[in-house]
Structure formats: C-alpha cells, structure tokens
Amino acid sequence: VDTPPSPFRRSEMVRLFAPDAHVQQMLAFEGALARAQAQVGVIPHEAASAITAACASATFDVAALHRDAVSAGTLAIPLVRALTAHVGPAGSAYVHWGATSQDVIDTALMLEMRAGLDLLEHDLHQLAAVSAELAATHRHTVMPGRTLLQQATPITFGLKAARWLSVAVRQIAAVRAQRASGLALQFGGATGTLASLGDRGSAVARVLAEHLDLPLPALPWHGERDRVATIAATLGIVAGSVAKIATDVTLLAQTEVGEVAEAAAPGKGTSSAMPHKRNPVDATGALAAARLCLGSVSVVLSALPQEHERAAGGWQAEWVAVPDVFAFASGVVWHVLGAVTGLEVHADRMRHNLDMDGGVLMAESLSMALAPTTGRTDALLLVRELTARAHTHNQSLRVAAHADPRVRGVLSPEAIDHALDPGSYLGSADAFIDAALASRRALPPSLE
Amino acid sequence: VDTPPSPFRRSEMVRLFAPDAHVQQMLAFEGALARAQAQVGVIPHEAASAITAACASATFDVAALHRDAVSAGTLAIPLVRALTAHVGPAGSAYVHWGATSQDVIDTALMLEMRAGLDLLEHDLHQLAAVSAELAATHRHTVMPGRTLLQQATPITFGLKAARWLSVAVRQIAAVRAQRASGLALQFGGATGTLASLGDRGSAVARVLAEHLDLPLPALPWHGERDRVATIAATLGIVAGSVAKIATDVTLLAQTEVGEVAEAAAPGKGTSSAMPHKRNPVDATGALAAARLCLGSVSVVLSALPQEHERAAGGWQAEWVAVPDVFAFASGVVWHVLGAVTGLEVHADRMRHNLDMDGGVLMAESLSMALAPTTGRTDALLLVRELTARAHTHNQSLRVAAHADPRVRGVLSPEAIDHALDPGSYLGSADAFIDAALASRRALPPSLE
Amino acid sequence: VDTPPSPFRRSEMVRLFAPDAHVQQMLAFEGALARAQAQVGVIPHEAASAITAACASATFDVAALHRDAVSAGTLAIPLVRALTAHVGPAGSAYVHWGATSQDVIDTALMLEMRAGLDLLEHDLHQLAAVSAELAATHRHTVMPGRTLLQQATPITFGLKAARWLSVAVRQIAAVRAQRASGLALQFGGATGTLASLGDRGSAVARVLAEHLDLPLPALPWHGERDRVATIAATLGIVAGSVAKIATDVTLLAQTEVGEVAEAAAPGKGTSSAMPHKRNPVDATGALAAARLCLGSVSVVLSALPQEHERAAGGWQAEWVAVPDVFAFASGVVWHVLGAVTGLEVHADRMRHNLDMDGGVLMAESLSMALAPTTGRTDALLLVRELTARAHTHNQSLRVAAHADPRVRGVLSPEAIDHALDPGSYLGSADAFIDAALASRRALPPSLE
Amino acid sequence: VDTPPSPFRRSEMVRLFAPDAHVQQMLAFEGALARAQAQVGVIPHEAASAITAACASATFDVAALHRDAVSAGTLAIPLVRALTAHVGPAGSAYVHWGATSQDVIDTALMLEMRAGLDLLEHDLHQLAAVSAELAATHRHTVMPGRTLLQQATPITFGLKAARWLSVAVRQIAAVRAQRASGLALQFGGATGTLASLGDRGSAVARVLAEHLDLPLPALPWHGERDRVATIAATLGIVAGSVAKIATDVTLLAQTEVGEVAEAAAPGKGTSSAMPHKRNPVDATGALAAARLCLGSVSVVLSALPQEHERAAGGWQAEWVAVPDVFAFASGVVWHVLGAVTGLEVHADRMRHNLDMDGGVLMAESLSMALAPTTGRTDALLLVRELTARAHTHNQSLRVAAHADPRVRGVLSPEAIDHALDPGSYLGSADAFIDAALASRRALPPSLE
C-alpha cells in the first residue's frame, strides 16, 4: 500500500503503531500468554506450542479484522476468532485463555509505545548532538537576546543553542524515565480479577511480564489510565518544548532578522509564485506537528476519569489518540532536526542587528557601569534619558553617551566603549554553555 | 487501496477529505481559475481550455505528490508543477496564474467542507427522523427522570427522545447556516493583494466564486481563520451535543437500569470472554469519536492568532485537524444513529425502576399536593420526614403516606394515590414533545 | 472589596459575572417567575408582590451563600432558603415555585451572558472604528507582506488594517447573532416536565420569557448544552481571531522590524533592568488572554455529552468556565484596543524594510512582467537565477535585473524599474480596503 | 477580604498562590538574592541587611501593585519600585540587582508550587489512607464488576478500593518526584546571561539556590518551560485519575445501583424541590474540578513553544493557568476525599445486583467450568445459548444450567452451583488487594 506520507507525522513512528503492527503486537501477547500459562501449568505445553506457532505464521487480513472490529467493539474479538481458527485442534481451546480484550490491546499498546519511546530517544540524541555542536561552534558568536520579541541585552548564539541542548537533554531523561518505569503489563481478565485462572493469576502475570519484558504492575489497571496519560503528557512536553526551537528558527530566519536559515535542499521551501523565497519549512512543520500533538494529548488527559472496570468511550479514544501523540511528537523532533541540521548561521547579520536601533541594547550594560558611582536608580534614569535623546536625534547610544558630561564624569571614554561592547557583556554565557554540554555528557548510557 | 476502516471516523466522510479527493478539489480550483481568467480576459481562452482539459484528465501519483509536498512545504507546489507539465504548450504558461499555494489549498478545503456539511446534514436528518419516531411512539412511556444520576421526578421516554430530537434539529440548523454563509472562496495571491492580476483581481475573484459556487468574501483571509474555526467549532458542538444521546444510551443500557438496549446485530457488542454481554458498542463509539473530535477542534481554535499574511504552523495544522473534525463529528452522528435505530425500549423496566427506592421519586409530587394546604416549606419538611421514615422501615412512600395522619388530614386516599402516580405528574411533557416535533417540521427545506 | 485586577480579564466583564451579580440575576429570575405565575393564575398576586419586593430589597451575605452552596451542591438552595426567609408570610410559600436549581442558575447565566455579549460588541465596535481609521489613513503606506514570516510581496499597512477590520466586523456579526437568537430561557422544573405546574407550565414559561426578555425555547434544555457551547465557542473565536492582530503587532514591533509601536504611556511596557525597552505590553496581554480563553472554551465544549436530565460535573464546570470565557475574550479585545489605539506606524521603516535583502521581495512582480513574453516557467527560472546572483554578489535585484541581457531583451529600463517598484505592485489592495470599510458600514444597527 | 469560596478550588491551595502570597514569595526572592550577593561579594552586606529587613517589614498595597502591573507588563516592576522606595539609602541601589522580572516571578512561582505540591501530597496521603481502609474492610464484599457499564464478572468492593488506592499511591509518587527534582531556581538576568554580575553570576546563583532551598539548574530557562509544563501535567493527571474515583462513586450511587452513598451531612446534597434526593455532591464537585483543571493544563502545555529569551503571551498565561491547575487539582482530591470518607457501602445491594438479570454475570465462570471438557469455543457457544434461553424464558442462568442435559453431562449439580457462585469466582482479587496495600506501605518516607 503506497499511502501518502503525512507531512507532520514521522513515518517510521507511524509504522510502529500501524494496523498491521498492532496486530503483530497483539499476537506477541497471545503467544507469550500461552507460553506463560503452559509454564505455570494452566494449559498444556503442546497447546502453547501450537498457539505460538500460529502467532508466528499468521497472515491475517488486517483490513478485514478492523472491519469486523467496528461492530464487535474491539479488535481483539475478530483477532482471537481468526487466531483460534488458525491454531488447529491442539491449541484452539486455549487461545486467549483467561484474558480479556483490553488485556491484549493495552499490552500491545505498551509494546508499541516501548518501541516508540526508543525511536523518539534516538532522534532526541541526534538533536542533542546537533545542538551541542552549534553551542560549541558558536560560543563566541554574539547576537541580540530578545524578550517579548524586543532586543534586550546581548547573548551568544552558542548560549541559545545550549538552551536548545538543555531542552533535548531533559527530554531524553524524561523519555528514558518512562521507558524504564512508565510501561506496564496489562493482564486482569474481564474485570481485573483474573478469575478464570483461579489462584494462579498472579503467577501467570509474573511470567507473562517476563516473557514480554514489561514491568509487572501491582494489579491490573483497566480503568486507571495514569500510566498512559503520563506517557502521553511526556510526549506532549517533548513536542511543545522542542517546538520552541522551531519558534526560534522561524523568528531568526525572518527576512528582517536574517540570522539563520534552514539548510538549503533541492525543492525545499520554495514558493509556487515567489522565486526568492526560502521558507523555514521544517520549523513550520514542527510547529504544526506540535499543535496536533497537543490536541491528541488533551484527548488522552481528558479521558482519565473512566468508568468502573472498563470505560465506554474514554479508553477507546486512546486507540487513535495515543498513536497520534507518538507520531506527531516524533514529527516535531524530526522536523526540528531537519531545521537545525546544517543550519546556516549568519554571524554578520547578528553583529549588524546588535547595532540596530543605535545600540540601545547595551543600555543595561551602561547603566550597570554607571550604577556603582551614581546608584542604580540614577543610572537607570540617566541611561533612559540618553536612549530617549539618541532616539530623538537619530544618533547611537554610543554617541549620546560620549557627549554626556554626567557619563563622562563617571566613565572614561574607554570605559564607555567597553560598557557598550556587546562582547564584553555576556556574563556567565560561557559557563552556561559548559554546563549544558556537561549535562549531555552526564546522561546515563542508553537503556538499549 | 484496502485501508483498514477507522472505528470512530465515518468512512464516507474520510473519503471526502482523502488525499486523492483533495487533489481533485485542487484541480477543480485550477480549472475554474483558468476559465474565470479567460472570461475576464487575463489569459487566452485556449489556455483555459487546455488547463481545464488537463485538470479533467489528470491522473497524478497522489502519494508522490504528497511526498514532494513534505519538503516543498505545501501540496500546491508539486501539484502545480505536475499540472503544468501535463497541460501542454497551449496553457502551461498560465497554470495557477496569479494564485498562491494557500489559495488553492484553502479553496479546496472549502469545497471539501461543503460536501462534508451536506453529508453531515443528511445524517442529522436521519437522526432527527429516528428521534422523532421514538418521541411519538413513547409519548406515554413513563420512566424516571434523573439528575446527577439520581432519580428525581418522572418523565416519559418520549420526552427524552424529544430532547434528542431538539438537539438534532438545532444542529441541522447550525450546519445549514455554515453551509449557507460560512464558506468562502480564498483567492488573494501571495499576500492577499492579487498583485499579479493588476486591476482585474476583483473581477476574476467574482467570476471564480461563481464558477465554484462559493461565497465571495470582501477580501482574502489567509491569516484570518475565523471562518474555518467557526465551522470546526460548529462540528465540535454537533459532536459533543449528539454524543449526549450516547451518554444517555450507555446509562440507560446499564445492567441495573436496563431501560434500553442497542438493537442486536450479528457480531455486535459481544465479548471475547463473557457470552452474556451486549455492549452498547455504537454509543461507546460515539463517545470516543466525540472526544477525538473535540481534540481536533481545539487544535483549530488554538491556531487562530496567525502570523501576518500566512502563518507558520497554525495554518498547516488545519490540514490534518479539519478533516479529522469532520470525520469524527460524522463518526459521532453515525454511531449514534447505529445506537438509536431499532433501539429496544423496555417500558416494563422503566415502570419497575419508578417503583425502586419505595417510589420516593414521587416525593415532589406529594409535596406539591400538600403545599396548597400546608404551605410549601411544611410540605417539604413533612415529605422529607416521610421519605426518611419509609427508608428506615423499608417501606414504600405510598405506605408511609397513607399511614401518616397529617397527610390524611389534607388528602383523601385517592388524592394520595393520584399524587404518587408517576403518570399523573408529567406536567408539560406532552406539550414539549409536540413542540420538538413541530420544530423538526419547521426546518426550512434543504439547501440541496 | 479591593480585589487585585486581573491582567488578562476585562474588569467590567468580570463584574457582570461576579458572585454578587450572579445573585442579583438569580433574584431577577425569582421575581419574574413569581410575577409570571401570578399572571397565569398559579400563585396569588400578593405572593408575587411580596416576592418581587423581597428580591428587590434583598441584601444577602453573598460569601455566606456561596459557602453554603459548596455542600448544598448549587447556589440556588441557600439562596432560595434565604429568600424564603426574607419574603414574609404573604409569599414565602410560593418562592421558586415549580422551578429547579438549574432553572434559576442557567437563566441567570443567560442574563449575564446577554450583558456580556453587549459589552463585547461595544468593544468590538471600538476596535472596528480604530481599524477602519488605520485602514483609511494608511491606504498608501507600502510595506512588506510576509508569509511564513518571510517577505513575500508588498502590501499596504492599510490593507493589513482592513483585514483586522474585517475580523472585527465578522466578530460583531457573530456576537450579535448569539445575542439575537443564541440565548434562551431555562425553565423546566426538576426534570424538564414542569410537572408541579400541571398543564400551565408552558403558559408560565411563555410569560416568564417575556418578563425576562429572553427567547422561549421549544422545551427545557437542562442536559442539552449546545446553546451555551455555541456562545462559548463564538467568544473563543472572537478571542483567537482578534488575537491575530496582537500577533501582527508583536511581530511588527520587533526591534529589527520596527514598523509599529504601541502608543507610549507612562509606566507602560518598561523593563525593570533595561531602560531602553518599550515592550508591546497590550499585544502580549491579548495573546495571554486568548490562550486562557481557549482553555476555558475547551472545558465547555468537552462537557457537552451530559448525563440524563442534569449532569454530574459537566454542567457545574460551566459555572467557572463560562464567566472565564467572557472575561478573557473581553480581555483580548480590550488589550488589542490598547495595542492599536494610537498605534505608532513607521512608514519609513516599512519602506526601508522593502529594500532589505536587495529588494527580492519584488521577484514575483518581475517574473510577472517577464512572463507574457517568456512564459511563466521560464520567467520564474530566470528571476530565481537573478535573485541567486544578486544574493551571491551582494547586490540588489534591481542591479542584477538591469545587468541581465535576457531581461533587457524583454523589458525597457523603465519597465524594469516599474516592475521593481513596490507601489506599482499592489493589485486590488485598494479595492479590498474599500470592501472592508463598506462591510463595516453595512453592519445592521445595534440591537440595543 | 471575605471572598466567596470557590466550589471547585481547594481554598487552602488558592491561598498559596493568592496575590498577597505571590508578593511575599517575590519578596523572599529579593531578600535571598541580596543576601546571596553580599555573601559572594557583589553588594555590600549592609545593603543586603537593609533589603532583607525591608522585605520582612514590607506591607505593600497588593491591589495597587497589581493595578500598576497591568500597564507595566509584570508585577515585578511596581514591586521592585515599591521595595526600592521602602529600603532606605543603605540598600536601595542594590534592590533586584542583576535580576530580571522573570527571575523573581518564576522563582516565586516555584516556591508557591513547592508549597502546593506539599499540600497536594498531604491530601493524597489522606486519600490513600481512606482507600486502604475501604480495601481492607471490604475485601470480601462481593459486587458486580462492570465493563462498558454492563455487568461482566464479579469483583469485590475491596478490589475496587484497592485500585483507587493504587491511583493515590502512584500520584503520591508522581507529586513527590516533582517536589524532589522538578523545581528549579530561575536566575538569569535580562536574557539569561547574568551579564550584570560579570563572572560571578554562577556563584550568586548557587548561593541563591541554597538560600531558597531550590534545585540549581544548569542554566536559566526563561523560554524553556518544560519544567513548569511537567508539573502542570503531573497535576492534571492527578486530577484526572483521582476523578476516576468520583466517576465510580456517581455511578455506584445511582438510584438503580444503590451500592454506595456519600456520607450524609447536614445540608449536603439536598434538592430545592425534591426532598428525597441525596446527591453525590462531592463526587460531582470532583468531576467539575477535573474538567477545569485539564482546561488549565492545556493552556500551559500549548504555551510551550515560546519565543527567544522571554515569550510574549505564553509565559504570561502561566500566571493564571498554573495557580488554577493547582487549585483545581487540589479541589479534585479534596472533593474525592469528601466523597469517600465515611462512604456508605451497601453490601446487600451489591449482592442483590449480582442476581440481577438472572445471574448471567456468572456466564464466563460457567463457561470456564465447562471448557476443560467441552473446549472453550463450545463452552462459550453453549453458555451463550443458555443465557439467551434464560433471557427468553425470564428464568435465571442457574435454572437454565441445571435444566440443560449437556451441562449436567459435564458438571455435577454442586459444580454447577459452585460455578455460578460469585464468591467463588474472584481469582486473584485478594492478592491484588494485598499488593495495593503493600505499595502504600512501600512509599518512601515523606520529603517533609
């Protein structure tokens, strides 16, 4: 099937949750369940072997299964029916023994999410690597820092990239924490008692969790969805916080700012009518994906207060929303990677922009230089007057400062120039870059 | 392509917004644009003929177009390129003349939404018809009314169905209002000036709107998305308010309530392990679809504050979210239709439930019967005492009322029985059913 | 009580929904109910007079009522109790006769929303007036149009303001439509049958609706919340689409763009440390308010599928969310008014920005000038080559165009200059401004 | 100020984030900053002493400060101005030295959130205690388990309470994890470089973090809001998952189910017109609070992609949304505590409900008893036939089973009765209760 790619979902992530992958993970559950039950003595070993073999060899019509699922209410019902028919006499009586639809669907979802978390972590490591390189390379590339989109005081592009890096590092840690302890086997039977397994339910659950390499929860959680919601929220925060990088890129790439541009590629970001355009296509894609991701996260969160031992509506909505959370979150990281890999950084424009508006960006620096002598309040008032005067006379703050006798009474001409040099007013920028780089190195080795 | 059906999206609605349908609507725009421009004298008639013919005969590789769209940033770029190549020399220079990507994509979306609104209205009419029949049939089927899930005072099932009908009728009106005046042609060129058409932009826009039978807006609206958001919100409200019917069905179908059941169908609502189950599968599907719809609506609404003359992220998110809004809203109506068509209504259980809890549901009625004599406050206190006593002695309110001298002092035995007869305490239920039925008849004739 | 003002809520709107105002509107309902029932003959006229007088003279301890409401479940219960105590013997037995808590609370909400819609419409008219003046004044102020935050082709600031105006005009129409037909009396008694009024329920409802000047619905709507949701969504769209103006202002006010600045005012938008800053405080406030508004809208929409004849949770959430929707939506309009009233428009910076990047913004214009001769495809390729060359050689598109023999072979030097003059490439901008101004004049006279 | 209490916000939590508390926490920052800077040698010790004293003695007009904040853009500006005026000559020049508005506001928010997390954890411990007691007490109280609101197989009320307990235990762990490592000092100066502190920025930050007992982040995080979003999402999940308990209570308290009732209290849950009503007021309040909480969480999450070194709109929206997230999440836990503390559990109704519908709830149990002999598929078919027959003849499954020769051919009468005894079909319910109780005991000692 040659399905059109989705512009905001990461294709490889889509595949991990696709209908056929879902069936495969459900079969993985059914096979592992049979083996666990044989091991504990609940079903015969030959039944388990037959079921395992059938799960491995099954090539069901996935579309037909989904079609039947619409009226059945869950995919488990037609799948178990098809599997039972496929297993043969040695095992057909023991397929899905003791389990309920939600057990197999939730556990399959957990297996898919596990693979999804791994893929996401992989991409985040890429993002951390690219950000770290930008931080190191541009440690001394001075540029305007901006608050409320107004120039405020100078920073370095390295510091900005170090903050991007810090986002990636924290998201890696968050994703990894979910990978390590956020997942859980679902196995409870119809209402979470494992009634049909008598007193061997816990034993089967333990072995089943081992077979599937999933954490064993204290008890089934059909209606208690905080685990799923926590993973979804974690991915929403990955999406939203990584999309901050995309926000920065779109703003820095503005024609009037011109400080960065996404790497050029054939056919990328052109316009149907405007031959000069180089649109920040990947940053835009990331921002769209983040919006979509957060819409799906809200579906999962708002479905939390579920009914009794299995919900009517809230659980089922997860079947669509959770895969979308993963696909779009992954899409954000993927597109941001596309935006920052090979990013063109225009240090000259950054320098140029620092001088814009008469260099008033250095007003705080000048006031700090004056303050030890004049007091901070007077320094602020004096500098505010200077910036206003510079603005009125269309001159630079530097000219205004040198011309002012009160400033000259406090600072030498060299001291004035120093106070107005962006490169001299960067404080702990370097230390912060080092700290961000160190936080990446301090990441524990990958779980894989 | 045998794509698995989605359990919560209405398949026919999915098709209206599918990748190939989107390409067809974009080609409809391009063809109509060429004809409009020829008519106004902007491009040669033979060019328009060539473009029209090419649009009609084009069989592009939709998946490939979408693949190229990912890096291009919009689907319009590869599509215009492919169409230009397909048109031949007579028209290739005039393909997409004066238009921008957003013009063709937004207008195609409008054409898809128009078809989607028609489909949704059609289904809502079905829902209104089924609800009207239930309202008329069960006009005298007395059942408990419930507030905060507690029995309160009696209603009829006909009244409940009349309220469902009133929801459907209002949603039909809302959908129709959007169909009539919520849509709009998008045609503005790169930044909404139609600059490349000189002084003939407005003329072309007018003719183009006629060709596509879309309302002509006062001016282009690339960054002003209130129209799209209003349609999305309208559908979210359709989804949410129609899902109220599904809430009612799941609650009424509870084992302990047992007042309704979805019509039985082979393979519908069974359980993998519990042979007795008859799950309200369609109502559940509607509730899931409503949650998903509202998640997508929130994406569209939160994207409203868009940048300048074309947004970076907010507009693009609509490409996914708007089709989902339609597919899920339509899924809600579709599933609710499945839930209420052929609904089994168990009047006996309703009657049985009215007697539950000693008939205290009639407490208000009794207090109203007493109030003219005792005053309302004393009546409430007396009845509260009676219900407490009945509860303590595990007797019915009827027995307690007949046994109380204060009650007997005010009401004859027949008056007591009358005051405790649910069928005598229905007030304006009938009048309200009539009003709801009349509101359906008063719907203006369909636009189609 | 000197409550701190909220930065993102409009104070006057907060007052319309404040606890004491809510109590007043509830008393307005109770008084009108008594008068309507007397008129229809349900209760004695002297009772109605006593209740009316009590409602007018009541000065309840609003905080105490709200305190009791927490455990009672609704504010109606303590209020009716207090009112009953206040009425005196002539009417106390007839207070709240036949009504339920939800009747008085929902109707009071409708009365508050009516006042809120009027206030909002008033502010939107102000916004339309300011936008219209900006559109007329800056009809010929040429500036860059921007897509995906990249310069695309020229527009005028008047056109941008005309689009702002068109947003305001459409929102006025939307608000007015809700004011005219979105409101409704709520009056159904415990479960929507008006049982305690026997066969006079509809008559009382009709007179009550007249007294309160509210539309009379076909039947009560305790659990069918589409009306409330539609009003909330309408305000969310007001908030989001008007916030688009704030997005534009923050982007245009960027230091590097410098095309507009919010009007200066003492103490407005300064920084604690940076004396040169002039932050777009109102635009920022509008953007924050829009985010908050849409969060509250999502609460209302997601609460739509309510239970039976009165919901447990979904209805109650409206008590907080609906007033917030109004306060924040009004906050958006209020802050945007603050941002655009007296807006400083720097035509010189706009002109300067047009020349930025070598004037490549005029690339489409040049290609359109070439296309009639070279064909559109060749024109685009040629201009793309010119812009690349200009970029490489750090020269303007104008220089590159004049130097290219292929261009010169098609266009005279004057024609080249004309094609590169932003003021010559504005297409229908003027016509669109006229259309927006006309749409404001075409607004029907206010309902008030 | 006698502000009306909010029905869905926890009052004590509201106070932690109230305007005056916010000012106090901001002053705590300013005082600690001065002391840290004196310690590192940035400002004189006497200045730090003067500032500390002023912060301790300050009694500012909080409403006036908030009024000025509206036009200033942040509360920090008027507060710093007022504090500077209050400090006196020894320290006024050093107030807020090197800091930016966002430093003090974000850090104050962190201090408030710390107190809020402690309060929330405290309430969750209460909830765990009540749930644990219910789980232990009702270990053998058999009741119907329900999926999709249909009776499925039996559970015990103890198991249901154990699942509530497991929710509380996991939320305690989640809240505690945020308390331990989710908080962070904010201190970066205007654009996150601490430029005005030269090379002593990191040292001051370290000491300041110690003074405030807040984790020291690797670098400032003005525009990287994942920490705040993670805390907000954690609370949203607390709200949603704890509200699941409220969903269960409202459903179990339905008149027709009658298995639980909220503890009676004077004035609690009565109706204005229906004297018999006992509404689940606290469960309803919890469900409303959860909806409101999740609306505010969505505001915080959707604001993540912030601009540059300080956002325009997204950050400011947190000022309202984060306190609301805490107040509503706390409101959910508070109301659920009100709902389950002293919960009336009606074991007789549970037993009665198990027999409802002819005891078909035991169908799975019967099929499991038959399956070892007949095979699972045949067992399911046979039991489905029996349940259908029982339904048709209005007899119990027990009668139908005893009457069926195929059943009798496999199972003795005693075995049939055993298979149909709910108390015999509880599987691992007891083990799961033990596991939940153990998970509570395994909670690490509180951080406090």
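We call the chains A, B, C and D, going by the order they appear; numbering starts again at 1 in every chain.
In the analysis below, contacts are C-beta pairs under 8 Å (C-beta built on N, C-alpha and C of every residue); 3 or more make two chains touch, one makes a residue touch a chain.
Quick caveat, the model's predicted, so the values are computed rather than measured.
Chains that touch both chain B and chain D are the following: A, C.
Counted by C-beta pairs in contact, the busier of A-C and A-D is A-D.
Between the CA-based centres of chain A and chain D the separation comes to 24 Å, rounded to the whole angstrom. With centres defined as mean CA coordinates, chain C is found 32 Å away from chain A. Within chain C, contacts with two or more other chains are made by residues 73, 100, 146-149, 152-153, 189-190, 196, 246, 250-251, 271, 273-274, 279-280, 284, 287, 290-291, 294, 298, 302-303, 312, 364.
Residues 144, 146-153, 250-251, 253-258, 271, 273-280, 284, 298, 302, 353, 356-357, 360-361, 363-364, 367, 380-381, 383-384, 387, 397 of chain B are the ones that touch chain D when the two sit in their complex. Interface residues of chain C, counted against chain B in their complex, comprise 73, 84, 92-95, 97, 100, 102, 145-149, 152-155, 159, 162-163, 166-167, 170-171, 174, 189-199, 201-202, 205, 218-227, 229-230, 233-234, 236-237, 239-241, 243-244, 246-248, 251, 287, 290-291, 294, 297-298, 301-312, 364-365, 368, 371, 375-377, 425-429, 431-432, 435-436, 438-439. Chain A contributes residues 1-8, 19, 62-63, 65-74, 76-77, 80, 96, 99-101, 189-190, 196, 246, 250, 265, 267-274, 279-281, 283-292, 294-296, 298-299, 302-303, 312-314, 316-317, 319-321 to its touches with chain B in the complex.
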